[in-house]
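A, B, C and D label the chains in the order they appear, each numbered from 1.
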């Protein structure tokens, strides 16, 4: 058997093979995912500033409207049916009779046009990266992303595999990370409730940059270091 | 959007390329079908997979034998115990190691319970594909009961990592036998409820009967195994033809279909639930105390060589080929995923049917994408 | 490279693994169980059971001289065949009344660094027997591609198996109608299944 | 004709006020429908339904409405902007304008037209145009498929619906809805023509696209039908129109067949009459939601065959027996008997099939499906049987 071939005992390092960079243009330009694939430090989603243009009416009038809208948005989150792998089974059983998601007003919707939250439940594979980006772009604006499970957070058990994207925040900005492999339906509910808090808090204090790691202790208070320029950039970017 | 395709017909009648994309409520995960559609009739179907190819077989070559079991849990993430059993049997064959009696009985009980849970999930999502929103709620309620038991046994609802090379991880909780007997009665009632609700429902019969028919010969040549093959009349069941663990000591019968259509595949799985519950009853009677793990090294190091073992998964015949080079990491692991092979037969079944039938046939094949793409 | 586990101390009483250290054993962790002698080079115990011998006999009669070497374990005998005899052997095993292998159970490649071994696992449901046909393809290094003629004509299942083996190992199969990538995507360079493909340096995302 | 021209300002303001009251009333009713549906479906499926938003989840529809109003109104780049924007209105306006002639009690009606039922039929057909346009304008293959499916279904179920109403007009003798209801003082028409009621309900559910017949909004096949590409306020208009149509069918069923606000044993003050009428309507609405919770979906060819091969002959028979009874002047209970007789024919066939042992029945369905496939092989249906070498659409 060629296995115990003296010329190449098992211990010797194999010739390193570095294929040419897969040219990124072919896959189109990915918003805010930097060159070498590090995580985009989860800047989180900026909900559409509000119905009324920023410069027009003074903030105080739109402020209350914004919180009123956030209340409506938080209590009727329509998720996009988008199960990738094992976490999808736990997400389905979270929607079912035992742990009922309908109590929170959460309905799964097949089409991205009518959904608000994209729960990325499962391993994000490179072949699936472009469709995920397309779905994210198709969702109308006040939208959020929940990375469910350790695969969507940073690749999970398939860490450093050749065909897995190390975390969905390389592709889309993520709001809530839910640890677990797969996280229990209760953990998913905890993540949803944290997202609802974030929606209401964003409306009160303006879009925050801190993502929330669900089922951890209190989320770190976002320090008010948002520079003015970034603030308008954030509002402009999200309201176009 | 210029679309070039060369078809053998004149340009005025051109088929529409309908893309049931990776994100589609009926494709059970990330499976993509490009249907060449003429009005509502499906002329041709080209399946695209690979949207969940995580490269598990490559990762397995860099992990010790105990760690590989966790990757096997995540292959067919609906029937976890059966996957673990497949890999562990291949390694035990390599080390020609015989697990103790009690370990084999516990493995069979857990695998059959997992088969019932997998068939319940299939029945629920199958009804959802056809449009009935309610049966999925009832079947998932039964499934929660099984998952609670699994949680008491192995600590996890889905990814158990409980079956180890040579035996099982730890002793069962002491109220296991009593709790399982109670669970079997509840499950029997649950499966009967789904059976009464759905199986002979007029609209369900009209939608699934005579849809996606395939005869035994083409099915075998396509590699279709499990309930899909038995629906077309073949009697191939690994537990009967090539018995492993203690399946030869249990008496149960294997349901066989007649027409090989989507209804037969559904009906077969419901009957298999009843047979599995019967098997668990017998196993619980024959279960007696004893060691659960043989005397062996903590880190398994099988001798150099290769071995192939296959078991009966809820979806078909899962085979695992392990090549070992004497170290504590496998040199090469190859999995024969039943869902991957069942998909090869999808094209013959769907040609000539309607779009709605394509969804029904895909549902009746009960594929799990984690296993198809590995 | 695999550190030697600590030697058990004197008392080697019988203790099965898996039980957590029980507190009433004086609070100290019980000694580790006795360990089998360190693993010496065991001869590969590839012995066929009686069913395997019957299949091996039938296989020998059917394949005859074309097999350069053979062996087997438990009930699955295998036969090593030259690449150009491959299609002939496979079709023989499919049609011959003694073997009647009507199902291609599994087709895959194993990379033994200096050559690539292609393994066909065939099963006959009517006679309830299984057999393996192995082919050694002289290909080494990263980009050279061996070519074998495809078995799609015999079994439909071979189509997808061959596309997957082509994706991961770069084995070319003539006669397969469409060899587009099955598991990987268009722009993927390199064959990930091969041992020369690194585990974790390949990042684009 | 002169009376039409001299419309004084006060009359216009009265009608305007009535219309705004109608719109707000309808919105509140739609909110209640959404709440009832989610709670009732929850109960059927063994779960609780929305409880977190307001007491017993009462504010859940309000939350949905607010969210939809503040949602971005995205439209695909390659959509046909004009039609894309107009299609939801084309569905909403007919289903809203219908409410002018629909009376809620003797004198509670915006404008009691003499040809009330004719007006109802004329406008209930218009929503098909909106659906097909929505499907075509959003330029997604699923939307086009959904649009074509809805056109096929609505057209083929419009005829039994109209014929069922025709029989009611024949028996009641007038098209004025208030007159129809007053004719049912003693005996509601469901007792006189049960066949008519069954036809009306079946065709009505198919009109609205509710579950046994919901093939154009089938989320597992056509992912949301014609309104796949709509989002935000535009989609809310579809959502509103769909629920208003469901309520419309329930109201018409209550008015034409269940006797509306008339109470057979003695006269009722108008408020109690309204309550009774609302009770009957919500009963029919709950029946429709009940069907949604329990039945799977029919395939398009089965749905068409039921529409053309079963409902149509029955509606012809319905007209015939009503004509006999009116021409010869027989008492009305004879019409009931004839109606039950005709209804017994399909019911008898169904019972005969049901009484077979279950496996026998399953085998019979398989034989029927095989025969159906043999009769219409793919080649003969106009598409030449060919293996198309499908290339990746290059977009």
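Everything below uses one rule, namely that contacts are C-beta pairs under 8 Å (C-beta built on N, C-alpha and C of every residue); 3 or more make two chains touch, one makes a residue touch a chain.
Note that the structure is a prediction, hence the values are computed from the model and not measured.
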Most widely separated chain from chain B, with each centre as the mean of CA atoms: D
Comparison of A-D and A-C by number of C-beta pairs in contact, larger one: A-D
Inter-chain centre distance, chain B versus chain D - centres from mean C-alpha coordinates, in Å: 41
Inter-chain centre distance, chain B versus chain C - centres from mean C-alpha coordinates, in Å: 22
Chain C: positions in contact with at least two other chains: 1, 183-185, 192, 195, 197, 199
For chain D, residues contacting two or more additional chains: 45-47, 219-220, 223
Residues of chain A whose C-beta touches two or more other chains: 1, 3, 96-97, 110, 127, 161-163
Chain-level touch network, classified as line, ring, star, complete or other: other
In the complex with chain C, residue positions of chain B that touch it: 49-50, 53, 55, 57-59, 61-62, 93, 96, 167, 169-171, 217-218, 220-223, 234, 236, 241-242, 291-293, 295-299, 301, 303-308, 310, 317, 319, 321, 323, 326-328, 331-332, 334, 336, 340-341, 343-345, 373-374
Chain B - residues contacting chain D, complex: 1-9, 13, 15-19, 24-26, 34, 36, 38-41, 43-44, 46, 127-134, 137-138, 141, 199-201, 203-207, 209-211, 213, 258-259, 261, 263, 267, 351-352, 354-357, 359
Residues of chain A defined as touching chain B within the complex: 1, 3-4, 10, 80-86, 88-90, 92-93, 96-98, 110, 112, 122-123, 125, 127-128, 131, 135, 157-158, 161-164, 181-182, 184
Residue ranges of chain D touching chain B (in the complex, touch as defined): 41, 44-47, 78, 141-142, 145, 211-212, 214-215, 218-223, 292-302, 358, 361-363, 365-366, 368-370, 372-373, 377-378, 381-395
Residues of chain A that touch chain C when the two form their complex: 1-3, 5, 8, 11, 14-24, 26, 33, 36-37, 126-127, 129, 160-163, 165-166, 170-171
